[in-house]
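Note that the chains take the letters A, B, C and D in the order they are written out, and that residue 1 is the start of every chain.
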Amino acid sequence: MATITYREAVVRALAEEMDRDSDVIFFGEDVGKAGGVFKVTPGLYERFGPARVRDTPISENAIVGAGVGAAVTGLRPVIELMFADFAAVTLDQIVNQAAKMRYMSGGQIKVPLTIRAAQGGGAGFASQHSQCCETWFMHAPGLKVVVPSNPADVLGLLKSAIRDDNPVVFLEHKVQYTEKGEVPDHTEHVVPLGVANIVRRGDAVTIVATQRMIGVAQQAADELSGEGITCEIIDPRTLVPLDMATIIRSVQKTGHLVTVEEAVHAGGWGSEVATRVTDEAIWSLEGPVVRVTLGAGIIPFSEPLEHHLIPHKARVIAAVKRTLAV
Amino acid sequence: MATITYREAVVRALAEEMDRDSDVIFFGEDVGKAGGVFKVTPGLYERFGPARVRDTPISENAIVGAGVGAAVTGLRPVIELMFADFAAVTLDQIVNQAAKMRYMSGGQIKVPLTIRAAQGGGAGFASQHSQCCETWFMHAPGLKVVVPSNPADVLGLLKSAIRDDNPVVFLEHKVQYTEKGEVPDHTEHVVPLGVANIVRRGDAVTIVATQRMIGVAQQAADELSGEGITCEIIDPRTLVPLDMATIIRSVQKTGHLVTVEEAVHAGGWGSEVATRVTDEAIWSLEGPVVRVTLGAGIIPFSEPLEHHLIPHKARVIAAVKRTLAV
Amino acid sequence: MSEPLSAAMRQQMLQRMIEIREIEGRIQELFLENVIRGTTHLCDGQEAVSVGMAAVVDAAHGDTVTCTYRGHGHALALGLTMRSMVAEMMGKVSGCCKGKGGSMHLTDMPNGLIGTFAVVGAGLPVTNGAALTAQTKGTGALALGIFGDGTPNIGAWHEAVNLAAVWKLPSIFLCENNLYGEYSPYADTAPVENVADRACAYGIPGVIVDGQDAEAVYAAVKTAADRARAGDGPTLIEAKTYRYRGHSRTDPAAYRPEGELDAWLQRDPINILAARMIADGQITQAAVDGLKAQAATDAQAAIDWALAQPHPPLDAVHEDIWV
Amino acid sequence: MSEPLSAAMRQQMLQRMIEIREIEGRIQELFLENVIRGTTHLCDGQEAVSVGMAAVVDAAHGDTVTCTYRGHGHALALGLTMRSMVAEMMGKVSGCCKGKGGSMHLTDMPNGLIGTFAVVGAGLPVTNGAALTAQTKGTGALALGIFGDGTPNIGAWHEAVNLAAVWKLPSIFLCENNLYGEYSPYADTAPVENVADRACAYGIPGVIVDGQDAEAVYAAVKTAADRARAGDGPTLIEAKTYRYRGHSRTDPAAYRPEGELDAWLQRDPINILAARMIADGQITQAAVDGLKAQAATDAQAAIDWALAQPHPPLDAVHEDIWV
């Protein structure tokens, strides 16, 4: 086991898969010579050369489209959109083309494309560089959506994403790039898409959280355990496919569900988890399902405002207490 | 009272507001000389002239951006995106710019822009011309989202949208263009944004539906009434703002909630309605909340497949019976 | 036009154009009879572009094509069968896309057709991706993207042509300038006289060709193909052509000036090639008429076959979404 | 360069450039000290573009500007106060956007600044909208959009320039070609030598100007402004300039060839204008030094003031979303 950062896990997964399969190529804005604006992909250009690692113009439609076309014709491209917010300039290529081409073609085509992007707030990047954008992609069947929360999952899930024959949107949380964690030393650490991780065991309430919100949930759980309330924390790891079985089993045990997400309330993944539970397991619920989200918020620049808006420990504790009615 | 079509209500609202306020202008692809590809806006070009009614190049980013810039500087533009699916080529201008500019500017700016688009399936337009796209817009605070279901609401809500000082996304259901309904004769039929319409009264179950799904819900309710099950059907009319008070009051009475929407399950508006109810009124629920949606579906061309995928009477009846456990 | 093509190639082009013309007419009828639903975008008048282009594309060696919803002619020219196409438009399981795509979404990978894209401009970035595969793997294949005269106004078009130029991709951008984007005349929505004039912004060749002359289209595409395969990058080709019918469905095309259609009918691509072949002693008028009669028979057979095919089973609606 | 500007105008341009240079340096320090968080994109070296442009813009008569996240210089040149800007970058309630925008999102409507757009290309369609208001209302106002050399690669740029050309909008598209888009040299991502070369695709004038010479920038923008106000449509202007620092934050700009920065420092916009004014007897070196000292004092005062301002109340996070 080595300890590496979330950031290092990205480049390791890329390098391992590019080593393993010469059809894997990688391109995006300043990802090559400069190693990425978040310094996530250094060394790949030097190692795999200018044909397989390319810097692009600022042309997100052309980038995603090139990924789609290359994937359809036999490569296995990984592309980077830098900030996930920029997916909005090329959403058509992602949700209308990449996601639907297999279906529209009656299964003639497959699109083994991985789209990486950095999302998430907390770093003072203001409203257009801080969003969590899972909803855009979850709402488009045909895509898979991956939201890794730690270095081992980044490594194992990105490798799975690259090997997957579907278009996969792989969302990295930019504030987590410096977080460290242990990863196996061998080159076959593959985490399957669609299997949730039970991060913490508990009986009183099920908390479903992703990425940076896992840490927030942990803080809340630590404090609540002092009051004798034990929380079960589940990290779905991938939002499509979504491992509802694990979540429902947990809710059947705890009787209470809180979701913690760093996205806007309406349409967020929390509502999907919550409604699936209320549909499939309502009789297990012993209290309201409470979502902790950005509400109808836009991410502000100002530090105290940003920290106030993004779910934090106190809000998670309040949510847990509300569902438990304590 | 005159009887007009859903389509005619659009052009009447536009004409009345353009008459009333010279700051209202209208542009989009082939909306002027040709009167729109759905023949929704004939006569405006002739009546208001080429300065106020303009045909544009096929440049959705330029169209929305021009709307934003014009709105910020004193006009009250209405723009058309033709098929709502095309919003994906310009989502950035809608959700990152129009929606956030007021916030980012600390309230210096307002964006009185109305974006019209035709959405919805059932007409054999296949996967890229049939989607219901509300989720993209609901997930972007700063926007309002309007989904009219009948001619009177088209007229009254579009007038409200144009008069509103926020960016409003006004989604017309293309299959409803030929539907007829009564509208008042005077020119001040204004329906406020954020007030739901109770379409049908009932005690057994609350069905929330929009646009074409209201008709489907009515068919189901007719049949169910034969079995002694009376349905209350609520048309929220606008998804942002969302009149939860009316919905919750109804659920408190019926104890059961079914949502019927013509969109993909994950992230759809049904999940927002459902989770708000389970959060705010869970103790009123006497059965699971059941959503009727496209599931994880992509709209196919083939007629029987398309009709199978889009919610229809039998599926609504099944949903009602499931929540009622009958 | 450079040197004339072989009699056999001419014959094949002529026959295919006749077939396309015939089936488009039948499709329009079927649409009006409600046998084909949704929408259609027919290409009568533009057949020379389809067959000129297709004569260059070598799917067996990896060449690929993307085009627009106005794609029936291109699909047939590349080799899709009438049966498979008509069944697709009827939503039948035997259609090339199992009935899931319909008129606007034809894919035929064995013949190199990645798709007929229904969002304006969306196919061109994808074309670059196919060209990228060819470049990365060194296959010598090319990727050809077809679009209309209204399309250069959209951002995706610009980004695609630009990226192909910067990366010297083996892409060919082939415009069918049929004078209108929906109901708008080209000049109302574009700031330059010719689509090819835009090539200057990308430092690539911009070529104008007579889109009614299949051999001229072939020659222009062939030159671009040689350039692409040699690693010299993309070419923008503008074929001046005309659609005889309205934009889609029941559009009567009332926005067209009096006499315009008649003038273009004088330069019909089928007649042009047939006359040239007759003059060169390669075919007789009777043989041309025979090709037309055969096309009508084939079209009817394809339609009858497609009508008899079943719709997909309802469960199919949830298949083919994920691998 | 056309005829020289008045001494008073030159003096104002010089002073404003000195102020911009001073505050950008201080902002970088504050960023490194963590007093300013997030990111910053500084414009040292590009000040002549800001002041040359701003000297043409007449906000009182409705002229408006959009620019990029590299917008501090433009905002100050247009009239935003140092205080208001620095407070914004510190997230204080007294900032021009109440702390909600930050360094990348400055809006200052009283001075005509609609916004400093953080998504590449996104400001230019909006600029057209402001131009459309002017055209529709016949106000004679213009709308000016500023962007970098990497921006012409994105679709929104293309659509905006194209629409302005088709509608003959009173828009001006002003490129700051500072040789790099992030870490990529211009030539690595663009197929033509100059950004202005792209004007041919839109049938509009494409003008190259020395971006280190404030008076030359002024003259080029003025010509474009006259054209716009006369109803003759948009102009594309490319100002050749250079950013002394890295792209953002702590970028050391290691990708720049040895000696490049030094060469550009020889053509410093402040020095160029100051030397010209000294030569023309309009200012002394001592007075220039005095301006610099004053700017330093003013910057310090603005920073001290901003530091003393409160953050917004927490409830403010949910205000200003809907009207």
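Throughout what follows, a residue touches a chain if its C-beta (ideal position, glycine included) is under 8 Å from a C-beta of that chain, and two chains touch if they have at least 3 such contacts.
Only a predicted model underlies this, so the values are computations on that prediction, with no experimental measurement involved.
Two chain pairs, B-D and B-C, are weighed by contacting C-beta pairs, with B-D ahead. Using the mean of the Cα atoms as each chain's centre, the chain most removed from chain C is D. Work out the mean CA point of chain C and of chain D, and you get 46 Å between them.
Centre to centre, using the average C-alpha position, chain B and chain D are separated by 40 Å. With centres set at the average Cα position, the gap from chain A to chain B is 30 Å. One finds 36 Å separating the Cα centroids of chain B and chain C. Within chain A, residues 56-57, 59-61, 85-86, 88-89, 92, 96, 103-104, 126-128, 141-142, 296-298, 300 each touch two or more of the remaining chains.
Residues of chain D in contact with two or more other chains: 97-101, 105, 119, 122, 153-156, 159, 162-163, 166, 188-190, 321.
Of all residues in chain C, those touching chain D in their complex are 153-156, 158-159, 162-163, 165-166, 188-192, 197-198, 200-204.
Remark: chain A residues 29-30, 33-34, 37, 55-61, 85-86, 88-89, 123-129, 295-298, 300-305, 308-309 touch chain D in the complex.
Touching chain A in their complex are the following residues of chain B: 85-86, 88-89, 91-92, 95-96, 99-100, 103-104, 126-128, 135-136, 138-142, 239-240, 242, 263-272, 274-275, 278-280, 282, 285, 287-291, 296-298, 300. On the side of chain C, the complex with chain A involves touching residues 62, 64, 66, 95-101, 105, 107-109, 114-115, 117, 119, 122, 124-137, 143, 155-156, 159-160, 162-163, 166-167, 319-323.
Residues of chain D that touch chain A in their complex: 37-39, 88, 91-92, 97-105, 118-122, 150-151, 153-156, 181-184, 188-190, 255, 311-312, 314, 316-318, 321.
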